[in-house]
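The next part holds the structures, each set out as C-alpha cells.
In the two complexes that follow, chain A is the common piece, with chain B as its partner first and chain C second.
Moving on, here comes the complex of A and B:
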C-alpha cells in the first residue's frame, strides 16, 4: 500500500512538470473528446500514436509510459489537433514539451540521435553521399559548400544541445 | 432643535454579563458623559418590561436618543426600533451595541480590560447617538402595470400570472407570432408533450377548464382583458424610475389588420411570391403573406415586406373578404407607463456555420436540432417524416453531434445544459416512429440531470440508439454519392470510425437571443461573461437585477428547459407583484446627500454607483452637480468613498459621526496592549466579529470595532484620522471581494487601503499597521486570529510616534 502511495506522489510531480512547460498549462482543460485523435493523420494510420491518450497519460502522471515509448516521437507536428481542439489545449506543444523531458532523461529514438550527432560532426542532419555529390554537376548544380560547422557547434554549445547529445551518447 | 437627551440602557443578559463586566463601574462612567439624561439597567431591554421602560421614557419626554447595549443586536434591534417608532421617536435615533459578543465573551479572560473596553464602546455609541439625525420614510408611486419583454413560454406564463393578480400587463414580442423557441421545438422533455402548451388563466369563463396543458390558442390567454399582447414589436426606449417607467414600443407593420382578419387563407392561395420557409428549416416554401404554423397566436397573417411586391401585385387585397389587408401600414411608436419590467427574451441556437469543419449551411443534409424538430412535428414541413433535405428521401441513418459551439473555448465555454436532453428526445422520437432508422449520438459527456431525464438515456440505449464517445473532427461528403461521413474517434472502443449518414444533426450551443446586448443597454442592466442577462444573486435573487423594478426570467439568464423556464416565470411574477402590489414604494432616506456648493463636474460618483442612482445635472451657474435619487440609492456610501471633494455624505453615517465614534473607541485603553481600530462593514464584516464572540473565541480587549454601512464608504484620510485618534493599528474588514453586498464596495476599500499604505510609508509609518481583510459570518475564527496577529505585530513594531507628538 505504501508503495502505491509513493508511486502516486512521484507521478503527480510528472504532470506538474509538464504543466510547467510551454503549452503544458492548457493540458488540464482536456476533457478527452477525441477531436485531436480523429484530426490526427498519424493516429489514423498507426495505433502507436494517439494524442488524446498522450494527454490523458500525462495528466495521470504515467511518466515512464509516456517518455520511454516511441509515441511522442511519431507526432508529425501538423498542428491539426491544436487547431481543432475545442478546449484550446496546446497539444502539439505539449508533445514537444514531453520530447524535451524525454531527451533530458536520456530517451531518444536512435534515428534522432543519429541526426543530432551528424549535425554536430558534419553540420548536416543527413550525411551527403558520394552518389549525390557526383550527381549534382550532371544536373547543373554547383558542388556543395562546407557547412560552417564551427559556427554551428558554437550555437549548439550555447544552447546546451551538445551536452544533451553527449549525455545520450554516454547512456547508449 | 431640542436638547439632546440620551437614554442609555444596559442589559446584563440575565446577569451573565455582570459576572465579567463591572456594571457599577459602567453606570458610573456613563453618568459622567455629557448629554446622558437617563441610565437603565435590566436583564433585557429588547422585549417585555425592559422595552416598556424605554418606551415610557420616550413618551414621558425624558429622552430623545436611545443607546441600548443588548445581545444579538441584529435580532433585538428590530424589536427595539419598532417600539421606539411606535412611541413617537424617529427610529433612526437609536444605536444598539453588543457588549456580549463584542466584549464580554471574547475578553472573558481579562474582565477588568473588558470593562474598560465596554466603557469605550458605550462612549462611542453615545457620541454617535448625539450626532444622529432623524431619517424620514419616503413614498414613491408604483404603477400596477408591468411590461413583459419576450413572448416565449416564460414571458407568456409570467404575463398570465401577473394579469391574474390584477396587474395591467403589456406583453411585447419581437417576432410576428408568440411562442418563441418552444413553439419551434414542438415537443419537450420529460413528457414529450407539446412544448407550447401553457396553464390557462384563472378567469372563470364557460369554455375554460382550469387544468394545465392548454394550447395557447385555446387557453383563453388572448382574451384576458388586462393583458395587452403586442407581437411584431420591440422596446426602443425606457426612461423613468422603478415603479414608474415610460416605455417606448415600436410596432412594425403587419400589413394585415388584426381585428379584421378571419384567417380564411384566400390571401396565401393567390399570393404569387414563394420563398423558402426559414421557420420550417427551409424544408418547404411559404408565400409572402403567411402564418408559421396553423395554431399560432395572434391568428393573423403577416406580409414579409422583404419579398412582397405590394401595390405592384395586391392580389391578396383583391380577394380578402374582410378588407383586412392594409398595404400602407407604417411602423408605429407608442408609449406606456409601467411600474416594472420583466425581461423574458430567451435564447437561440448558436450559428453552427462558424465551425467550418462541420459544413453547416454548406451541406444541406447537415441540420440543427431545431430544424430536425420541424421535421418531427406533424404540423411541420415534412408531416413528421425524417428526410434528407438534399433529395427529400427518408433518412435511414442519422448521426447526432453534441456540443457544437458549446463547451468550446473558441466560442462558448459553457455547457448549454439542455442539448443532451434535446438530442436524446429527438433520437427516441425518430426511433419510435421509424424503428428501422440507424441512430448514433456522438457525445463528449452525456448530461441528464433532472427528474426522469436519465430515463431518456436508458430508454435510448434500450431502443438500440448507438453512443459514440467522441467529438467528430469533421463531417465529410462523398462527392459521388453525396452521403455524409462523420469522422470520429470512439475513445472507449479506441477505434476510429467513419460513420456513414444520410442526415447529420448538430446540437448547437444555446446563446443569448438576438438583440440582448441592445436591450441591456436600453434598460441599463448588466450581462454576464457569456452574454446572458445577469441576475442579482443566483441563489437569493435569481429573478432580480441590480435595478429594482427590472426583473429577469426564463432563458434570458441561461439556457433552460421548458419546466425550468416555467418555474422561473412563476417566480418572477411573485417578485414583481410584491414590489408593486401596494401601489407605492416606501423607502427610508438612508441615502447619500450632496453638498451642491462644493460638488462639481468630476463625474466620478455616477460611474461608481452600482445602482445608477446618481445623475449629473446642470445648475444655474452652468456647471454639473451630482443628483442622488432617493429611490435608487441603497445607502452603501461607495460614492462617499469615491468623491475627491468630500461633497457627498450618507445621512446615517456622516463623517462627523464616524470621527466621533473613532475618537471615543480610542479614548479609553485600559490594557497594556496597543489600540487597534477595526472598521467593519455592517454586512459580512460585522457578522464575522459577531460569530467570533458567539463561539467565545478569545482576542485581546485592545481591539475595538466600529461599524460602517459598507467598507466602500471609507476614504484614505479616514485611516490617517484613526491613527491620529490614537489607533496603533487599523484593520478594515469587508465582505469577500466578489461577495460584497453592494457589489464593489470591498474592492474599492481594498484599493483605498493599498493607497493609504503607500501614504503611510511616505510618512514613515510602517504600512503593516493598516490591513484589509475579507471575511464572512462563519469566519469568526479568522477574525479572532487576525486581531491577535495584528496586536502581536504592533507590539513588535513599538509605539507609533506621530509628527507633532501626540
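Moving on, here comes the complex of A and C:
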C-alpha cells in the first residue's frame, strides 16, 4: 500500500513538473486515443518512437524511463500529431519540455551539446567558415555580418544556460 | 509596414552551406522590388537549441526580434524553421507578460527590450500577403510550360497552425499556386505535407534517410521531373543527401531538387548560372533541356 502511495506521489510530481514548463501544460488533457501515433511519420518507420506511449509514461510518472531513453529525441518536430490531436494536447511541445528536463538531469545527445558549444563560441550553430567568408564576395554575396557573440554570451549567462553547458561538459 | 522592405534574416545554415538558395533568392527578390536590409549582428534563431533549453531559445529569438524592432522593419526569412521560431516567440512574448518580463531582464544585459512591434514572414508568406500573386504573374517572361514538378513546403512553413495559420497544413495550396504561376505543372503526390527527416539526422540517420527516401519515392511515382523546396534543411536532405540515400538503399532517384527562387528565376528569364543551378548536387541538366525545348 505504501508503495502505491509513493508511486502516486511520484507521478503527480513528474506530471506537475512537465505541466509547469512552457509547452508542457496541455499534457494531462490526453485520453490516449492514439491519433498522434497514427499521424507520426517516425512511428511508421520505427517502433522505438510512439508519441502516445511517451505521453502515457509521463502521465504515469515514469520519469526515468522517459528522460533516459532515446525515444524523446526521435521526434522530428513535424507537428502532425499536434495539429490532429482532438484534445489539443501540444504533443511536440510537450516533448520539447521533456527534452529540457532530460538535459537538466544530464541526458542530452551530443548534437545538441555541439549546437550549444557553437553558439557560445560563434553565436551560430553552423561553424563559421573562413573559406566561405572569403568566397562570398567573389560570388556576388555581401560579406557576413558579425554574429553579436559578445552580447549573446551575456544573455546566455543571464539565462544560466552557460552553466548547464559546463555541467554537461563536466559530465562527459 | 508593407512597402516590401524587410530585415533579411539569413539564419545559420544558408550563408555557409546553401549558398545557391541565397544567390537565387536575392536575384529574384530584387527583380520583384523586394528590398532587403542586411541584418547586422543577428544570432541563431533559437530553434536548434529548443530541445536543450526552451528559455534560451526564447532569449535568442527575442534578441533577433529586438534588432528588427530597432530598425522598425519586419523580418523576411528563407528558412521555415527560422520563420516559425521568430513568429512563435513574438506571439508568446506578447501573450505572456510574466515571461516577457523575465526575458526582458536577460535582454537588459545588452541594453535591449522586447516590444512586439515587428512581424516575421517566410518569403512564401510574404509573397502571398505583401507582394501578391499578380506581381509575380507579371514578372514571368519565359513560362515553363510542360515542366512537371512537385512541391515540398516543409513542416514549419505549415505547422503549428497556431503560429503559421495562413495555409492548410493537410492540403497546402500557396506554394503550389506560386509554382503554377511559372507555367509548370505542380503535381499532387502521396503524403505531400510529411517531414523531410532533417531534424533527426544527427540522432538516427537511418530513420531520417528512410523519411527522405519515402518522399522521393512518392514524388517519382507521381511523375515529377523535379522537387521544389523552400527551406535549407529540406533541401539538404533531398539534394545533398540524395546520393547517399541512393547508395544506402540501393535505389536510383536522380531527381533534381530546386529552391523555389531558382524555378521562379528561370521563368523570369534569368540564366541558370545566375541562379547558381550548377551548385545543386543532383544534376538539373535534364530539366534545363526540357525547358529550352518548350
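By definition in this document, the second predicted complex is superposed on the first by the 139 of 172 C-alpha atoms of A that agree within 3 Å, B and C clash if a C-alpha of one lies under 4 Å from a C-alpha of the other, contacts with A are read in each partner's own complex, and residues count from 1 in each chain.
The rule is simple: contacts are C-beta pairs under 8 Å (C-beta built on N, C-alpha and C of every residue); 3 or more make two chains touch, one makes a residue touch a chain.
The structure displayed is predicted, hence computed values, not measured ones.
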Figure out whether A:52 sits in contact with chain B (first) or chain C (second), or with both, or with neither. first
More residues of chain A are touched by which chain, chain B or chain C? C
So, A:73: does it touch chain B (first), chain C (second), both, or neither? second
Considering only the touch criterion stated at the top, classify A:29 as touching first (chain B), second (chain C), both, or neither. first
Could you look at A:137 and tell me whether it touches chain B, chain C, both or neither (first, second, both, neither)? neither
Overlap of the chain B and chain C footprints on chain A, listed as residue numbers: 80
Quick one: in the complex, what on chain B touches chain A? 357, 403, 407-410, 444-445, 469-474, 487-491, 494, 496
Chain A to chain B touching residues, read off their complex: 29, 31-39, 43-44, 47, 50, 52, 80, 84, 86-88
Residues of chain A touching chain C in their complex? 21-23, 41-42, 45-46, 70, 73-80, 82-83, 90, 92, 96-97, 99-100, 103, 108-113, 115-116, 119, 123-129, 132, 136, 139-142, 144-149, 151-152, 154-159, 161, 164
For a test of understanding, state which residues of chain C touch chain A in their complex under the given definition. 12-13, 15-17, 19, 22-23, 26, 38-44, 48-56, 58-60, 63, 92, 99, 105-107, 109-110, 155-156, 159-161, 169-170, 191, 193-195, 197, 199-200, 202-204, 207-208, 210-211, 276
